[in-house]
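Here come two complexes built around chain A, the first alongside chain B, the second alongside chain C.
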Partner chain A sequence: MSFKTVERKPLTLAERTYVPQILNGLSHTFKKMVKPNETLEYPEARPPIPEGYRGVPTLVKDPNGREKCVSCQLCEFVCPPKAIRIKPGEISADADTAHVEKAPQEFDIDMLRCIYCGLCQEVCPEEAIWLQNVFSVSGYTREELVNDKERLYELGGTLPDEHFKWDKKKAAEEAGNGAH
Partner chain B sequence: MIQPAQPDLVTVYIDGKEIAVPKGTNVIEAAKMVGTDVPHYCYHEKLSVAGNCRMCLIELGMPMADRATREPIMDPETGKQKINWIPRPQIGCGTTVVPGMHVKTQSKMVKECREGVMEFLLINHPLDCPICDQAGECKLQEQATGYGRGYSRFIEQKNVKPKRTQLGPRVTLDDERCVLCSRCIRFSQEVAKDDVLGFVDRGSYSTLTCYPGKELSNNYSLNTVDICPVGALTSTDFRFKMRVWFLKQTDSIDTESSVGANTVVWSREGEIYRITPRQNDEVNDTWMADSGRVLYKEVQADNRLKPSSELATSVSAAASLLDDGNVAIVGSGRSSVEEQFLTAKLAKKIGAASYVVGRHGEGDGILISADRNPNTRGALVTGLISELPTTELSQLAADIDAGKVTTLLSVGEDLTAAGLSDEQLAKVNLVYVGSHSNATSAAATVIIPTLTVFEKSGTFINQQFRIQKFKSAVPGLKGAADDRVVLASLLEKLGDEAKGSDLASVWAEIAETVPALSGISYANVPKSGLLIDGSAWSGLDFPEGESLHFKPATAEASA
Partner chain C sequence: MIDLYLSLPIWVQAAIKGLIAIGFLIPVAGACSLAERKVSAWIQGRPGPNRARAWGLGYIPILGPILQRLGVFHLMADGAKFVFKEDVVPGHVNKFYYYLAPLVALVPSLCTVVVVPFGAYFDAASETLKPLILADVDVGILAVFAIGSLSVYALILAGWASNSKYPFLGGVRASAQLISYELSMTLSVIPVFLWVNAPGPEATLSLFAVVESQSQAGLFGGMWFVFLMPMCAFIFLVSLFAETNRQPFDMPESEADLVGGFHTEYGEFKWSIFFVAEYAHMTIGSAVFVLLFLGGWNPLPWVPLEPLIAGLPVWLGGLLGAAFFLGKTFFFIFLFMWVRWTLPRFRYDQVMRLGWQKLLPLAIANVIFYALAIAVIERS
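Entry: the complex of A and B
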């Protein structure tokens, strides 16, 4: 076992007064006082949400106000924690959107189960379910943390649509085979 | 040319694999035997060959021989006979094997043919998969994965056809999805013998419709939904109820008649959504009647008997009533073999006379027979009865009137429907063991709620004396007990040695005591059922007429 003896230099006079160190520290303090804040005063201030952020899953309507979900239940199938519950239903033959035929009767997402993985959004063939920018969810009971269909549409709102698949289908249906 | 090993076998080569298949087999079936799947839409093994979808195109070749001398032409490179490949693809379904035939199912040409056919089929097929009930069990979806191109080159507008046609009371047609395979038309002609479907219009406007003024209302109409390779024909009852990939499949037996059609019960989380046929080439091929598909509704029927007390309490109450000496037992032709065995044992134990209520209707010659009890033969085999059951229990009625019977046990049978009057029921102490309420349960002193056929497991013996298994598809109603458990605990309460009420121990007992069922256990009854020797009952005049895969014994003897 060998030891190395380190030589300690005695403090200089300036060091012994502590003045340079205090001044150095204070200069940092004054610099920070005039610099803009680096932290956020949450919850009064909210962070900017980047594009592609995965917040609370919501259901959206197309620009014409038609509910996009057709209750194909693919999200229910793919959901890893089984947070989604759908009861499919038929659109009555005299409704405006009768050509879509199918819409959810009930659509529940249990936010206590949701893990914000975004697989539901990825799998949706109708682009009806979107993880949007709500990230903070709280409630007093378990029931209140299950988002039902009404709440999901309220959270989701309307998103721009590039396809209008069903509108085109309806137009084709109205034009009939004579349009060929 | 290689001679077949047996005269009725033909040796063919599929993708180079040699196989001997029966004469008359087509290439699709032969390929299936070597484990190769030839995709197809219009071909169905139980229907005639139409050959109109062109999906099963394959390459065909025959060994080359000199035209003049019939000498085989050898390939000097391999030393084997040269193969003369037909330059154009042939359909597999319409090609019957001949000795020495060579088939390619995986060649480049075959693959390109399939891709071409798929592209044409998808031209006018709507993008309905998210709302289509067939999604998940759709042949078009499956083959599109294998042979589709992933995008469409077709930029024109797709054809428009009727989307919600009611073909009949139970079948809804979406014409846009139809690939014109004509399976449903051939089924209606050949199996249901109700020729109401057909195509109208030409080319891409071809549309499936019903004959004007008629509808697809026969009792086999839902089989067209099962065989539809796409989502064109859908069941009105199951439409938009649940996606098929969520459903659990359980093997079961149709209970509406003694045919015993094999079925699959589709359920999710304890709720049954639909019943479809299960293939059994000895019983029902791939078909079943529509009337058997709605039977699952009895599970959640309003008149289900709900338990009001503990099972042990009601069993001891019933046992004390049954101990009085003048007991009669009405068993059921709807009970399983195990339950009938225990009922017979119970009758023997307490010295009671046992009856079974007969149910008769008209047989349709296909899959519904005249005997509407699924298990009359089970009652005979287990010794519950020795004569064929009658619809009216007049002997029992007379015994009640004469005061010979003071206690009555009914296993799920409504005795007023079997000819007993309310006054007669009021005269006796009535124990009712059953799943649904009726006039008998209303008159009963003790009611023990039990399970429906979808909630329990067991066996039935059908008209061919074929013993077939059914399994519990959904958990039983809370508190209701399995009939088998109820009967076994009644026996135990009445002083019988406890032998267990599980299937294995009941079957151990059955195999020991019932001669016709010796050597059988629940576990070793195969999926397709097991024929047992019914010659001991050949003297009885069974009501069944001829039906699919069944000839009555009397008809057989005279033939």
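Entry: the complex of A and C
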């Protein structure tokens, strides 16, 4: 075992009076005072939201305005706190996107139950449900805090799509697999 | 207007002057509580109170938002809140002393303003500078010490009347601390008055005379006493921090270990009276420091006020003098708040050791040194 004895110097007179230290401290706090604030004035100023942030779950449309959810209900089944309720529905046969076949008739996410885990987003085969950057939810009644389908699309808006899966399917159906 | 004022009986004049001084001191004390919050916030890197907006004033363009940012309406809201709160008296307190304590706190801290000059005006008739003061009495500083130290009774009474252990500890701490530092404080001003009272003219303890002797001509004449007697100023300032119960000496309150100390059992308006008294005490303390060591209303060292305002109208000159004086006083109030967020609170034994073993011997040595030095200078 090797010891190293640290030399402890006795305090100098100036150090024992504390005066230089106090002045040093004062200059430090003064610098802090003239510096810009560290805090945000919250409702007016919002913090920057990092990429991949898991905020309120929302439903999105693709750039063509088609609702992406096909009401497969995977999210409903995976949701740990059972916050999601979906009532599946049919797309009418004369619609442009009739080949997608299904769309939710009702889609409710209960924000009093939601734990923002993001499993719904992870499980969604259609990339239709996204946890976006809204982080502050409030309401006066319990009913207000259940986001229905309309509200979910309003929150979600449109996100860019990389695949246009259903357009490709339609093209393949019409022109065979050589279409792309 | 002035003729009407002068024709009033002397006691009415005195009452009017007193009311004006109190009417000034209490808002200043209130504004200090706001300044305290703002300075704390700025030092901690946050904006501080800036939300409240009064119905009429807040909507004036430009001015309203500025006042709102400065949190002025929070001050009003805080003050009004205390008035409208329920007057709760805990069942276990000693009622008489419980009610007496806030009064004993407020009265002395407002009384000391009587002998503190807060400006000067040029009297054309006698061609001299006259102090703006409620009572220009010769006892001056002695009256400040005598009345100001009464405020310790408020803390003791409050601690004792509350009849529970934390306030009691606060009261005991307050009494020991205030008595310890009173000694060093009084000793630290002795050299100033030895210097002011040159042999010849009648001796005085008036604070006006102290400022006068800092506004003479010559190298020593115009020198503020903080340069001439830095050690006195230092001891006085440290004792002032202890006497006004400010951090790092806020033993009687020390919210972390005494849950607010002597005002644990106080609420609503009675608590706010303690609060105002504390800030009034601080204001007067800063004012006395400025008068003793920082040349009072003289704008700069070696630049006396008198020639500056000799040609101006009386009211303007008086305002100017008061403005210089109040500016310095407010700087010291700021210093109190600044130090609060710089130094941690002392432990109680450290306070006692600092007071009795360090500051008191230093103050005594200081008195002896300056007494000898002044004797040598006067003799030559």
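The criterion applied here is as follows: the second predicted complex is superposed on the first by the 150 of 180 C-alpha atoms of A that agree within 3 Å, B and C clash if a C-alpha of one lies under 4 Å from a C-alpha of the other, contacts with A are read in each partner's own complex, and residues count from 1 in each chain.
The working rule: a contact is a pair of C-beta atoms (placed from the backbone, for glycine too) under 8 Å apart; a residue touches a chain by one contact, two chains touch by 3 or more.
Not measured: the values here are computed from a predicted model.
Superposition model on chain A: chain B and chain C are shown accommodated side by side without a clash. Within the superposed three-chain model, A:M1 lies out of touch with both chain B and chain C [touch as defined at top]. By the document's definition of touching, of the two partners only chain C reaches A:K35; chain B does not.
In the superposition on chain A, no contact is made by A:A45 with either chain B or chain C. Touch criterion met: A:E101 reaches chain B, while chain C stays clear of it.
In the superposed model, A:L13 makes contact with neither chain B nor chain C. Note on the superposed arrangement: chain B and chain C approach each other to a least C-alpha distance of 50 Å. In the superposition on the C-alpha atoms of chain A, no part of chain A is touched by chain B in one complex and by chain C in the other. By the touch criterion given at the top, residues 39, 42-47, 50, 338-339, 341-343 of chain C touch chain A in their complex. Those residues of chain B lying in contact with chain A across their complex are 126-127, 129-131, 135, 156-160, 163-164, 205, 239-243, 245-246. Chain contact summary for the complex, chain A toward chain C: residues 22, 25-26, 28-30, 32-33, 35-39, 41. Chain A contributes residues 70-74, 76-77, 88-90, 93, 99-102, 125-126, 165, 169, 172-173, 175-177, 179-180 to its touches with chain B in the complex.
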